[in-house]
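Just below sit the structures, each encoded as structure tokens.
Consider the two complexes below, in which chain A is the common component and chain B and chain C are the respective partners.
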Partner chain A sequence: MTFTVTQHGDVNIVEVEGQLIVSNRQELKSTVLDQLDKGARKVLVDFGRTSYIDSSGLGVLVSMSKKVREMGGDLRLANLNEDLQTLFELTKLDTLFQISESRERALESF
Partner chain B sequence: MTEQGVDVARLRREAELAASQLTESWEEINLLYSIGEILGRTVTLADAAATILHEICDTVGAGLGAIYVHDAPRGLLNPVAVLGADAAALPPVAVDDDTSIIVRVFRERRPHLAPPDERGGAREALVRRGAMLAVPVLWTTPQGSIPLGVVSLSAPRGSEPFSAGDQKLLAAIATQIGTAVQIDRLVKASVAQERLAHEMQMAHELQMRLLPAPSSLAPDAECAARVEPAEHVGGDFYQLFKLGQGRTGVLIGDVSSHGYPAALIMALTMSAMAIHAQSHHDPAAALDALRDSLSDELTQTEMFLTICYVVVDPTAGVLRFANAGHPHAFVLRADGTTERLAASAAPLGLGSKAPSTSETAWTGGSDVLLLFTDGISDARDEAGAVLGEQRVLEVASVRRRDGPSRIVDGVFALLEGHMGGGVPADDQAIVVLRN
Partner chain C sequence: MEASPALADLDVRIPSDIQYITHIVDEVVRRCAAADFPRRHLALNVPVALTEALSNAILRGNRDARDRSVHVRAHVDASVLVLEVRDEGDGFDLDACTDDPTTDENIWREDGRGLFLMRRLMDDVERYSDGGNVVRLTLRRP
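== the complex of A and B ==
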């Protein structure tokens, strides 16, 4: 799994490629915390190239979102595949995040 | 003296020298044999080290001696045997003590013969008088030698300093000590490993005993359940409650991650829920009370759990439930359809919203309650494909009339067939009930 960070206006986009699971979740967290330290306040996590998120991956998304909110920012998600969308709906995690169907929509929403 | 007389005298001297060398070699060989015997019959490293040190000092002619063994975690060379000095008073030497001869020999992995006027470290002063001969204790592997400690001799007997022969002999003995030290470490590691494996097995058995026997619901309900942790212990669990008037409470939970941290949250949840299920007959009220009980622990550990609590009341023909983020909770109907008991709130520990109670019709003796965790539906085959919720539901539906035990067996047969003997990545739990 790799993370790619790009900047679009004042939004930092983190693209997750592969799986977000117990072994790499801390890496994603430190990537996002780094962005926060550098002053980023709008973070978009793009899951367009993510096949699977396990329960610890979900946990880290929620804790990152809390952290960003505490810093006065906003963390949003985009591009979940059908399985991941279902997972967020079944676990009601869709109520904790603003989720967009594409990167473009997400960028417009900020 | 005649020429003949000179020859005889020379021959005699040579013969005496040869005899002396032979005696010396015999003593050395004898010493090596003795050490072999000592190592063969001694049980502890300390006993072996003390005996070996005594034998070397005797053979080489040294009044003081010590064997140091490396304690890597603490960065020390600890004396394990001392001769000619008070063992209790001899301190360990730190491996970064640059003044110490012992340390230099250990770090450079080379013997050193320090003449009487060479300064050494203060911490080895008790076993130093005059010259000091120190050689590294090495364990030789195909990748190279690993330093394990140092053996030092001092206070040479008489006026003779330690010789190159003494150094060679001490190096040979140090190799044997190295083998003994390494064997001692391997034995200790093996004993510790065995103890750990035993303790982990005990923890597994203890956790399995926390789960109630499905037969405890008889005669109110027929139930079957199975939990398989991915490690010795895990965070998937179920709980069953007899609530009176024929009502039955069934709970399934899945703590994020697995292993010991998850098992602790699981035990905490079960003990809190045992109280709340009896004092709150409304499922959402019970989960709300549970949320309060676990709040601090979940915040501190950054863990969370999906949980679904169902109360089946066959007399009223109603099933009531509260679901906090648990994805796989179903009722299998007589007409072959399945109804999902959908979550009304995010998992405990993640969201701030409390789950609410929903209800659906329940036909006693016909409908089947099926709860399982994602360790079952997300199990992967060798190619990485997930089993999927739908296949679990199909197997359960086909066996609906056969009863809970046959459903659990069928789902696990499906699961094992899919995984093909692979090791599960996550805990797996299933509970099935009809009444």
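== the complex of A and C ==
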């Protein structure tokens, strides 16, 4: 379970490797908040190497999205596999987030 | 026919600590894989629903008290997975505590999706008391 941050232009990309669940959600929250403190306003969370997400992980994404919006920015998602896509559809969070099928598409969308 | 060791029941107590969740989930998924459960069950239904049950037991049932424990039992065979997660709490009303997180008033909430997901990803979710609080999850292999 690791989070890797890279920068592409003015977009900060956070890659989630492994699970995003109750035991590491605070780490993601801290990672995103740290990027916001440093001035980031465009955040892309890449799930290309993510196995599964629980309700706590979904909740952190919702709260971070709200926080980024309040600061005039945008948090978007990319690379959800079929199972993760189902999770977002079940919870209707696919209607809350802008989700791109690839990192490249997401970067173009900002 | 002699039962395969991979299909043997799991019966384990873990400390009430969320860091133990992935160990239990990995073990149950491994046993379901050995029982030839579909890939989607292994990647989505089992890990997400069991993570929810364990985190509820640790954080809500046991109130994150490290001196408490969680008892996990799993039975896997060629047709069904039955999981029982027992904590030391007082229990809860499954229906009353299951919110609909998809409504306009709830969708921006950070919490409130755990029981909903458990019930959508498992065939049956039941709760009963036996001196502790037990949540039983059942998933049938198609």
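Keep this in mind: the second predicted complex is superposed on the first by the 110 of 110 C-alpha atoms of A that agree within 3 Å, B and C clash if a C-alpha of one lies under 4 Å from a C-alpha of the other, contacts with A are read in each partner's own complex, and residues count from 1 in each chain.
By definition in this document, a residue touches a chain if its C-beta (ideal position, glycine included) is under 8 Å from a C-beta of that chain, and two chains touch if they have at least 3 such contacts.
Quantities reported herein were computed from a predicted structural model and do not represent experimental measurements.
Trainee: Looking at the overlay on chain A, is there a clash between chain B and chain C, or do the two fit?
Mentor: Verdict on chain A: clash between chain B and chain C.
Trainee: First (chain B), second (chain C), both or neither: which does A:22 touch?
Mentor: Both partners.
Trainee: Considering only touches as defined above, state whether A:14 meets chain B (first), chain C (second), both or neither.
Mentor: neither
Trainee: Counting only touches as set out at the top, which of chain B and chain C does A:91 meet: first, second, both, neither?
Mentor: In the superposition, A:91 touches chain B and chain C alike.
Trainee: Let me test your reading of the model: by the given contact rule, A:99 touches which partner, first (chain B), second (chain C), both or neither?
Mentor: Neither: A:99 stays clear of chain B and chain C.
Trainee: One more residue to check, A:53. First (chain B), second (chain C), both or neither?
Mentor: second
Trainee: Counting residues of chain A in contact, which comes out ahead: chain B or chain C?
Mentor: For chain A, the partner with the higher number of touched residues is C.
Trainee: Please indicate which partner A:36 is in contact with in the superposed arrangement: first for chain B, second for chain C, both, or neither.
Mentor: Neither partner.
Trainee: After superposition on chain A, which segment of chain B among 256-264, 274-282, 292-300 or 310-318 overlaps with chain C?
Mentor: Looking at 256-264, 274-282, 292-300 or 310-318, the stretch of chain B that collides with chain C is 256-264.
Trainee: Would you mind listing the overlap between the chain B footprint and the chain C footprint on chain A?
Mentor: Overlap of chain B and chain C footprints on chain A: residues 22, 54-56, 58-59, 62-63, 87, 90-93, 95-96.
Trainee: What part of chain C is in contact with chain A in the complex they form?
Mentor: Against chain A, chain C makes touches at 18-19, 21-22, 40, 43-44, 47-48, 51-52, 55, 59, 101-102, 107-114, 116-117, 120.
Trainee: Which chain A residues qualify as touching chain B in the complex?
Mentor: Residue list for chain A touching chain B: 22, 54-56, 58-59, 62-63, 87, 90-93, 95-96.
Trainee: In the complex formed with chain A, which residues of chain B make contact?
Mentor: Its residues touching chain A are 254, 256-257, 302-304, 306, 324-327, 342-347, 350-351, 353, 374, 378, 426.
Trainee: Flag every residue of chain A that touches chain C in the complex, lowest number first.
Mentor: Residue positions touching the partner: 1, 19, 21-23, 51-56, 58-60, 62-63, 66, 81, 83, 86-87, 90-93, 95-96.
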